[in-house]
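Here chain A shows up in two complexes: once beside chain B, once beside chain C.
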Partner chain A sequence: MTSIAAPVRRRKILLLPYLLSLPALLVCIGILIPFVTAVYYSMLRYRLNLPYLKGFIWFGNYKEFLTDSEFWNTVRVSLEYTALTVGSELLLGLVIALLLQKQSRFNNMASILLLLPLMTAPALASLMWKLMTNPNFGVLSYLVQLMGVHNFQWASSPNSALFTVVLVDVWVYTPFIMILLLAGLRSLPTQPFEAAALDGVPRRFVFFRITLPMLTPYIITAALFRLLDAIQQFDIIYPMTQGGPGDTLLVFQVRAYLEFYQYTNVGKSAALLMILWAITYALSNVFIKQWLKLRERARGLA
Partner chain B sequence: MEHSSRAERVLRGVLITAILVFFLFPILWIFLMSFQTNEEVLRIPPSLFFKPTLINYASLITGKLQTAAGSLDLAFMLNLWNSVLLSTLSVALSLLLGVPAAYAFARFKFRGSEDIAFTLLSFRFAPPLLVLLPLSLYFQDIGLNDTYVGLIWVYQLIALPLILWIVRGYFEDISPDIEYAYRIAGHSWLQTFLRIAVPLARPGIAAAGLLAFIFCWNNFVFALILASADKQPVTVGALAFVTASGIQYGQIAAAIVLSITPTLALALYAQRYLVEGLSLGAVKG
Partner chain C sequence: MTDKAKDFFAAFKAGKMNRRELMSGAGKLGVTAASANFMLNAAATEALAADFDWMKHKGTKLHLLLNKHPYADAMIADLDNFKKMTGMEVTYDIFPEDVYFDKVAAALSSKSTQYDAFMTGAYQTWEYGPAGWIDDLNAFIKDPAKTNPNYNWDDVLPGLRASTAWNGVPGGALGSADAKQWCIPWGFELNSITYNRKMYDKVGVQPAKNMPDLLEVSAKLTKDAGGPYGIGVRGSRSWATIHPGFLSGYSNYGQRDFTVEGGKLKAAMNTKVSKDYHKMFVKMVQDSGPKNWSTYTWYQVGTDLGAGASATIFDADILGYFMDGGDNKEKGNLGFHAFAANPDAKAPTPNVWIWSLAMNSAGKQKDPTWYFMQWASSTEHDMFGARKMDFVNPVRASVWKDGDFRDRIAKSYAGYLEQFDASSPGAKIYFTAQPLFQEVTTQWAETLQKMVAKQVAVDEGLDQLAASLDKKLKDAGLG
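This part shows the complex of A and B:
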C-alpha cells in the first residue's frame, strides 16, 4: 500500500493512479448509466407495445406487486430454489471435502475431475440433462423406469420440474462448495487435531467441536457466494424449461425476462429486477465483509 | 483419524465411487452419444457398446446436415468461432485495462480507490438483466446492438472484476522494495512496472486471464440479450441449434462436446489456480 512515488515528481505521480484506473472507472460509469435508467424505468408505466400510455407513476409498479399473486409466486419459487440448491450443495460439498481431505494422489485426482461440471457452461449443462431426461431415449428416464417408477416426466411435469432443475444446479455447483471447503480443510492448523488424537477424543466430538467451528468462515463465504448466484438463477432454468411448465419455475430473472420480451412490459420488468437487486445488494454487503476477512487470512498465510 | 476400520474404508470407497459416477457420468454419456448415429441414440435399452461414427462431427464441421427431408444448413461452427473471438478479445481488453488498475490499487492509496474497486466487485453480484435490458435499448439507439464491440464491452463486467481482484492480490504480495531499488537506479515508473512488477505477478495474471476466459466462454445471458444468430457464442447457439435440428440428437451431443471441451481442457490445465480464482482471491489452493 506504500507509494513508490519519488518525492521530486510528486505532482505527476499523484495523477498516475487515477490515469491507471481510469479505464476501469469508465467501465464502472458505463454500467451505472443503464442501472440508473433501470431505476427510472421501474417507476414508469411503460409497455413497448403501448408507447402512448407511457407515464411516470412513482412506486406504482411496486405497489401493484403487493397484491399480485404472480409476484408472490416468483418470490416463493426463487426462495425455494435458493434454499434447496444451497442447502443440498453445502451438505454434499462438505461430505465430499471431508472424504477427499487427506492428500493423496487419488484424492487430488478426484478433486480435479470433480471440477469438470463446474467448468461446464450451466446453459450447456442444462441441455445435457435435457437429453438425459428425454422421455424417448434419455438414459435417466430409462434408469428410473428400470427402478419401477413409470411416467416420471422430469422437467416437463409441474411436480418434478423444481426437482430436476435443482438436480442440475447441484451437479454444476456442488464442486464449487467442495473445492472451497477442501482448501479450507487443508489449510487448518494440525495441532488441535493431533492433541485431540493423543487424548483419545471421540471423532464426532472432534468434528463438531474442532473441525466445524474452524471451517465456519469458509462455509459462510461459500454459502453466501452460492446464495447470491442462486437467487438470480437464469442460466439453467431458462434453457431447460423457460420458466415452465406454467408458472412453476418463474424465478425473478426468468420472469423479468419474459415480462420484457413476451409482454413487453418494461416498467414491471425493471421493478421486479430492482427488488431482486435490493436483495442481492444486502446479501453482497454481508458477503464482502466475510470475503475480506478470508482474503486477509489467506494473504497472512502466504 | 488413523484408526479406520475395514467397514469404514469400504463405506468410503462406495461413497467416493457414487460421487464420481454422479458428477462424471453426464459428461461421459454425452461424449459417447456424440459418436452414435441417431438410430443408436434412440435404441432401448441404451448400450455402452456401439460402432463409433464421426458422422455427427462431420456434419457440424461441414455445416451440412443430411436428413430424410433434405439438406439443412448449420451455423454451429460460426457459433464456435464467435465464442473464441468474444472470449479471447474480451480477456485481452480486460487484461489491458485491469492489470494497470490492479497495480494502482495495490501500490497507491488514492482518494476513491477502494470505492472503485468495490463498485467493480459489486457488479459481479448484481442481477445481469437489470443492466442488460436497459442497455439493449440504448444499444439499439447507438448502433452497438448485435456487434462484437458492444458484446466485448459488456463482457468486461465478467472479466474485469475477476482480473482486478486476483491480480491486485498478487501485486500486494510482492514487496515494493524491489521496485524502489529499480527506481533509485534511475528507471522510470513505466519501466519499473513493465520490467519488474508485471513479470513478478505473471502467474497471477495468467491465472486470472484463463479463468476470465472460462467465465466469458460459459456466459449465456449477455449474448442471449445482445446478440442475434450470427454473433451468438456456443452457449446461446446450442439452444437455438436444439430447436432448429429437432431430433438430430447425435449432432446436438457433438455440438455440446465441442462447446464444453475448450473450458474443460483449460480448467484441467489451470487447476492449480482455480480455487483462488473461484473465490476471487480469498482462498488459496
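This part shows the complex of A and C:
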C-alpha cells in the first residue's frame, strides 16, 4: 500500500505548483490574446468596408504616421491634455489633502463630500458640464458674463476647448488624488513632525524637507494612476466635442474610436492604439522605476 | 368591437363609402374617434392580409434596432396590428441619434445575430453594403412567393427607390440597372427654409430668395429680432453637418463633392465656385449663427427654432414640421419656404436624407424579417403614419395624393405642402456614392469648423481638404 501511495503523493506535490499557477496563466493568456490580435491588425491594411484591399503591410500603418501631420497633432494634444490634467489635479489634490489633514468631524465630512464628483460617470459629468457651459442658458456662462467676460464659448471655440475639458477632468478626478494623498498624509509617522515642532522649524521647511519627501511615493502612485487614465482619455472629450472644434481635441482614443466605428479602418485604429500602448508603457516604466528607487532608499534609511 | 362596426370599416377600406360617410356612420354606431382610428387601421390590416399568407412565420421572434425618431414611434403605435396579422413577436432597442450609428456599426461589424433589421440612412449603406453586412433586398422584392401581391413597390417615389440602390462601384450612379437595393425607403426629409413668421413680421423681412439674400436677412434678424439669432444650421464634427442645408446650397451652385474620371474619384471641393460658396456659408455662421455652432446637431437646430431662440433654419423640412407642432413654444408660428441658394438657379436642389430599413446579413430569420419590412413599408402603414402620426414625409406616391393627409397638413402646417411641392422635383441625393462617405464628410465638417473659427482661411482650407481626401482615396484604391 505504502509503496503505491508514495509515488502518487510525489506526483501530486510535483503538479501542485503548476496547478496553483494555472489561474495566473489563464489570466495572462486572456490578456495576451487580444493584445496579440491588436498587434496583428495594426500590421494590416484593413478596412471593413473595402474587404478586397485587406493585406499584410508589416509596419506600413506606422510608417504613414511618421509623415502624417494629423497623427502628430494627436500626439501633441494627448500629451498636453495629460500634462495639464495630471499637473492641476496633483496640485489641487495636495492642497486639499493638506487642508483636511487633521482629523476632525468637519474634515472627515468634507473629504466624503469632496468625493462625490468621483462617483459621477465621466460621460455624465461631461454632459452636465455641456449644459452648464451652454452660451444661451448655461449657469457657468451666466456667471462668467456677470464677471464681465462676454461671448466665452467654452468647448465650442478652439481657443477654450482644451481649457473646458481639462476643467471637467479636474472636477471629476481631483478627489481621487486628494483621497490618496490624504491617506498618505495621515499615515506618516508623527515623530519627525513632533521633533521639528520642538526645534521650532519653520512650516515651509517642514513641508519641503519632511512632508513632501515622505509623501513622494504616494504622489508617484497617484500620478501614475491618473497619467495612465488621462493619456487614454475618451469619455469626457467625445461627448462634449467629438474631438472638435476642428482637430483641437483629437486625442488618441477619440481618433482610434472614429477610425474604427465611423471609418471602419481596423488597421489604422489598431496601430494608433498600439502606439498609445507604447507611450503608456514607457511612462509607467519611468514612474515605477522611480517608485522602486524611492522604496529602496526608504529601506536603506530604515 | 362589434361585428357591425368591423363590417362598416371593412366597407370603407373596400371603397364602398367615402370618408365623410364613414365618420358620420361611425358616430351613429357610437364609435369614438380613438376607436375609429384603431378600427380603421385594423380593417386596413385585414385587407392587407387577404391575398397573402401572412401567418407563414407565426411564432417567430424578431428583434429590431431603431433610432429615436417619430418614424419609429409611428411604427410602434401600429405594431400590434402586424403582430396580430402574422402571429410574430417583435421586440426592439431604441437609441438616440448621437450614438445610434456607432451602435449599428458595432452590431454589424461583429456579425451579431442580435438584430434582424434596423433603421439606416442611404449614405450608410455605401459602407455596409460593400462590407457584406446587409442583404440586397431585390431578392425579396422580386420574389412573389415572399412579397405580398399588394405591396406595390413601384408606388414608392422613384427618386427614393433609386437613391437607396447602388451597384457598389465608387462613383457609380444611384439606381443604375445593376444596382443592389440595399435598403427600403421608409420616410424622408428634404432641406429648405423654415422661419418664424412672427419674428420676420416684427423685423420686416421676407424669407430669403437666395444665399446672398440669406446672409443679409439672417444678419438683420440677429440685429433686430431682440435676442434670437438669425439662422440655425448644424455644425458638429460629423457627416450630419454636411448633408442638410449646406450640401443643398452647394449643389444648387452646381458643385459636386467628387469628379469621377476613368473609375477614379477626385476631390472637387476646391473649385472657385465652391470656395465662394464656402465663404458665404462661413460668414453666415460667423455673423448670424448660434454661438456654440460647432456642437450643433439636428436636435439643437430644431429645439432653438421651436423655443424661439432662432428665427430661421436651413435644414430638414420635417424638422420645421416637428417644431411647428407638439408642445413647442413657437407652435403655429412657423412658415416653410423652398430655397434655391444660387441666384441663377431655376429651382431648388435639396439633398435628401432617407430613413430606411435594412436587413442584417448575419440575421438567421431573413424571410420573417422581410415580412416585417414589407409591412412597415406598405401603403397601409405609410398611410396610417401619415394620417394619424408624424410619419412625414411619406415615401409613397399614393399617400401624397391622399386627401385626408393633405388636408391635415394644409390645415395645421401652413405652407408646408407648397414648400414640398416646390422643393421635391429637384430633391435627391447629391453626394457621390462611395465607401469613404463618413470619413470624407467628417473631415469636411472639421474643415468647416476650422474656417468658422478662423483657424484657416477658406481657400487654403479647401485646398488642404482636397489634397488630404485625394490621398485617402488613393490609399483606399479609389483615387
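Side notes on the structure shown:
The criterion applied here is as follows: the second predicted complex is superposed on the first by the 249 of 302 C-alpha atoms of A that agree within 3 Å, B and C clash if a C-alpha of one lies under 4 Å from a C-alpha of the other, contacts with A are read in each partner's own complex, and residues count from 1 in each chain.
Assume a contact is a pair of C-beta atoms (placed from the backbone, for glycine too) under 8 Å apart; a residue touches a chain by one contact, two chains touch by 3 or more.
As the structure is a prediction and not an experimental result, all values here were calculated from the model.
When both complexes are overlaid on chain A, the residue A:136 reaches chain B and chain C alike. Of the two partner chains placed by superposition, only chain B is touched by A:298; chain C is not.
Contacts of A:242 after superposition on the shared chain: chain C is touched, whereas chain B is not. Taking chain B and chain C in turn and counting the residues of chain A each one touches, the greater count comes from B. Using the contact criterion defined above for the overlaid structures, shared-chain residue A:256 touches chain B, although it does not reach chain C.
Contacts of A:123 after superposition: chain B is touched, whereas chain C is not reached. In the superposition on chain A, A:151 makes contact with chain C only, while chain B stays out of contact range.
By the touch criterion defined above, A:165 lies against neither chain B nor chain C after alignment on the C-alpha atoms of chain A.
Within the superposed three-chain model, A:47 lies in touch with chain C and out of touch with chain B [touch as defined at top]. The intersection of chain A residues touching chain B with those touching chain C, taken from the two complexes, comprises 130, 134, 136.
Residue ranges of chain B in contact with chain A, taken from their complex: 1-2, 12, 15-16, 19-20, 22-24, 26-27, 29-30, 33, 41-46, 96-98, 100-101, 103-110, 113, 116, 118-123, 125-135, 137-138, 153, 156-157, 160, 164, 169, 172-173, 176, 179-180, 183, 189, 192, 214, 217-221, 224, 234-236, 238-239, 242, 249, 252-253, 256, 259-260, 263-264, 266-268, 271, 274-275, 278-285.
If you check the complex, the residues on chain A that touch chain B are 1-6, 13-14, 16-18, 20-21, 23-25, 27-28, 30-31, 33-35, 37-38, 41, 95-96, 99-100, 110, 112-125, 127-132, 134, 136-137, 139, 142, 171, 174-176, 179-180, 183-184, 187, 193, 197, 203, 218, 221, 225, 228, 232, 234-235, 238-239, 252-253, 256-257, 260, 266, 269-270, 273-274, 276-277, 280-281, 283-284, 287-288, 291-292, 294-295, 298-299, 301-302.
Every residue of chain C that touches chain A in the complex is listed here, in rising order: 101-102, 105-106, 109, 127-128, 130-132, 236-238, 290-295, 304, 309, 435-436, 438-439, 442, 446-447, 449-450, 453, 455, 476-477. The residues of chain A lying in touch with chain C in their complex are 47-51, 53, 130, 134-136, 151, 153-158, 240-247, 258, 261-265.
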